[in-house]
Amino acid sequence: MLEELKQEVYEANMMLPKLGIVTFTWGNVSGIDREKNLFVIKPSGVPYEDLKPSDMVVVDLEGHVVEGDMNPSSDTMTHLVLYKAFPNIKAVVHTHSKWAVSFAEAGVPIEALGTTHADTFYGDVPVTDALTKQEIEEAYEENTGKVIVRTFKEYGIDPDAVPAVLVKQHGPFTWGPSPKKAVENAKILEVVAEMNYHALQLTRADIRVPQFLLDKHYYRKHGANAYYGQNNAKSKSGVTHK
Amino acid sequence: MLEELKQEVYEANMMLPKLGIVTFTWGNVSGIDREKNLFVIKPSGVPYEDLKPSDMVVVDLEGHVVEGDMNPSSDTMTHLVLYKAFPNIKAVVHTHSKWAVSFAEAGVPIEALGTTHADTFYGDVPVTDALTKQEIEEAYEENTGKVIVRTFKEYGIDPDAVPAVLVKQHGPFTWGPSPKKAVENAKILEVVAEMNYHALQLTRADIRVPQFLLDKHYYRKHGANAYYGQNNAKSKSGVTHK
Amino acid sequence: MLEELKQEVYEANMMLPKLGIVTFTWGNVSGIDREKNLFVIKPSGVPYEDLKPSDMVVVDLEGHVVEGDMNPSSDTMTHLVLYKAFPNIKAVVHTHSKWAVSFAEAGVPIEALGTTHADTFYGDVPVTDALTKQEIEEAYEENTGKVIVRTFKEYGIDPDAVPAVLVKQHGPFTWGPSPKKAVENAKILEVVAEMNYHALQLTRADIRVPQFLLDKHYYRKHGANAYYGQNNAKSKSGVTHK
Amino acid sequence: MLEELKQEVYEANMMLPKLGIVTFTWGNVSGIDREKNLFVIKPSGVPYEDLKPSDMVVVDLEGHVVEGDMNPSSDTMTHLVLYKAFPNIKAVVHTHSKWAVSFAEAGVPIEALGTTHADTFYGDVPVTDALTKQEIEEAYEENTGKVIVRTFKEYGIDPDAVPAVLVKQHGPFTWGPSPKKAVENAKILEVVAEMNYHALQLTRADIRVPQFLLDKHYYRKHGANAYYGQNNAKSKSGVTHK
């Protein structure tokens, strides 16, 4: 069942240690088949060196395991809520990467301070509210998903344009159009968090970039007028092909 | 004598350089056989690349070497005191890992600021008092153990729930139910210290997590109701197996 | 066409991941043939592990691709402007290396605080102004080059003596007499930025080095009286050959 | 000539990149034969991957190259001055390791804040004065050695007990009883600098350790009563051999 997606999700999970954004088993990647409404996720607490594609667990959008002997990631319900609320995303990643977690613990959003940020995140990466006692005790993982969705709604942020969030007191979740892309977003968030941290220690000036810089850099890489990379018919960077 | 435990303690010692929490020979792991009341510990000052399982030294709880030609770790008496005072622990680790040492030198406890901490440490990791001149001169290593035990008693901390401490002006000790687990705790302490450091520079707000978050995350991984990982009959994360 | 230069530019591009100053595809190196007025540059968005010497794109100084099927780096026009304005340079490098970007985001120049800096950069590495809305919308990459050139003119800095700049809100560009040298300058800028960051957090004193230290260290390695390395007939460090 | 010493100095030089305390060619190690009054030093500017034992240059204490075709390290005269002034040392190391350089640039000594420091350095590692214009222009490298010697004399520091210094605006020099030991001291200085930096950001309290802690830790590893490691007849850590 979903063998191709399992392979893809497995490979994306294995990118986490390679990219240096996971310690021990503290991370998980899932990917969804939007036609079948089933998603594939890492089993809970399995070391990366032991992981196999066939270990991936298949879960439906009601939270039932439909294939796999292992317990799925304890964060499964958070992934599920995000898949339901954000209809375009096809993969979700959760890590405890160090720089992003530091911002989540401090409750400080990762503001857009430069082009490195703007290339991937079209605006600040927000921090959610802390979960309440009731939210934690009643349905912790599900409510983690809900507070993310609420944050994006309240701030009016498009989850396709800002594919990342910091859950207060916890850490980052990222997503994207594929497991690989969602993991890349997790790495980029970590790099941008590190850059922000040091920039914020170097000055007390307001150094957030203006909207027109966000527009330029984000749309250089995304959408119909993108001209970064090789998948665009014609370069629009001022260089012309004879 | 205790060949299996020696192998286990040897392997746990070898994890220290692999996890990047030791420089040169500045770390040691021991493990105890609670029935025989003997513990096995790394010899003093031997480089990790030269270490063999048969080099491990066997010591009894009166501080007598009962097997092994080499001098045991100079910190042996500290391990011994911890084994005597904390009856459930089966392994002790000491390192000079960089982030944890910085907190120990500053005399700043590693407070619980997020779920990464709460997954392993059920509350703040305390700092001991500095040893007095007399304590250092009379029985330095033994008194290092005693100040740890005193700290846990004074603050009313359960050493099984918070398996780590910072000895002021010195560095971290961790412990656990096995040598491998105790080393993992040493690595987690280091990661959490690094996260804390950066969070503390990002804000002056009080960002310690509430008790109910500690409860949720600690008991998600520990005790009868744990549902993280594969060793629990039934997932309690909201996902159901059909 | 320009096979030797392509090989050289390819090898210099491959130094970026090896030196740890690039994440994903966020960097590019070019090299110029000053007689033919053609430069060779990395194609846009191609992962380093897939890159081949034959992928390099050849561009003329009017911004026309004269050889190569791929889109050249989206930053090609910036390289072009630098080649035109700085007649002695033979290679240009752009990265998003983390420490240099943090300074660029904060708008803080990398001042000369020590001999490590002075060995390569004969004075402070400046930060440009931020690009205006009009500059970004009309010809972003070309204007990025122009703001660099303007900065060096305004401050009266010799680009051969200070082969690096920080573009505000963006990141570093470096250059040099060869692709390899320009990449080394990118790495040195990163190292010096990291040292500066920590020095600036350690003290509020004015710790910029005096001109005579800059003179000594820069000219120990550069120009007719250089005596560092093996390419000087006679050591002038006070040691004499019998 | 001095083939064994050349091999030893070569191997110590090769430890620098392995220990992560050198960038490009920015480091050098020398070792002296005290009977012959000749020292062996790395040639200037040669990349570590190209270095061979036979490249080592032999220099006498008047600063004459007595064997070797290459230019010796441009810092040769600094080594020479240290050999003459500190009669017990047998090796000298200079690097531009990042944390130590940051302290040297800031002009902040590396104070003894914990046992990691005290195990190797019996007190604070001092910073020299900055060299004057005249000192730099007349005999830069020789005067670098002289300002080190002057600093130790003025503060009354024993160079055998504190085998390290920071040259203001420049970086660290370390030394020791062998090339290997001197390189280990360079690494330890770097580790201790990093720990100090973070401890200093965590608190404004005076966290220097008391003299009796320095005494305990330094003499646990050095001198007639040392009991760390395997070269002492009898453990004095409270553990007894039956």
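Note that the chains are named A, B, C and D in the order they appear, and that numbering of residues resets to 1 at the start of each chain.
Note that in this section contacts are C-beta pairs under 8 Å (C-beta built on N, C-alpha and C of every residue); 3 or more make two chains touch, one makes a residue touch a chain.
Protein identities per chain, from UniProt: A, B, C, D = L-ribulose-5-phosphate 4-epimerase.
This structure is a prediction, so every number in the text was calculated from the model and none was measured.
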Shortest chain-hopping distance from chain A out to chain D: 2
Copy pair chain C, chain D: interface residue numbering same or different (half cut): different
Chain located farthest away, centre of chain D as origin (C-alpha): A
Centre-of-Cα separation between chain D and chain B, whole angstrom: 33
Chain B and chain C: spacing of chain centres that average the CA atoms, whole Å: 46
Junction residues of chain C - those touching two or more other chains: 197, 200-201
Chains grouped in pairs wherever the two touch, ordered by label: A-B, A-C, B-D, C-D
Residue ranges of chain A touching chain C (in the complex, touch as defined): 113-116, 119, 184, 187-188, 191, 194-203, 205, 207, 209-210, 212-213, 216, 220, 227-230, 232, 235, 237-242
Chain A - residues contacting chain B, complex: 23-24, 26, 43-46, 59, 63-66, 70-72, 74-77, 96, 98-99, 101-108, 130-131, 133, 136-137, 139-142, 169-171, 197, 200-201
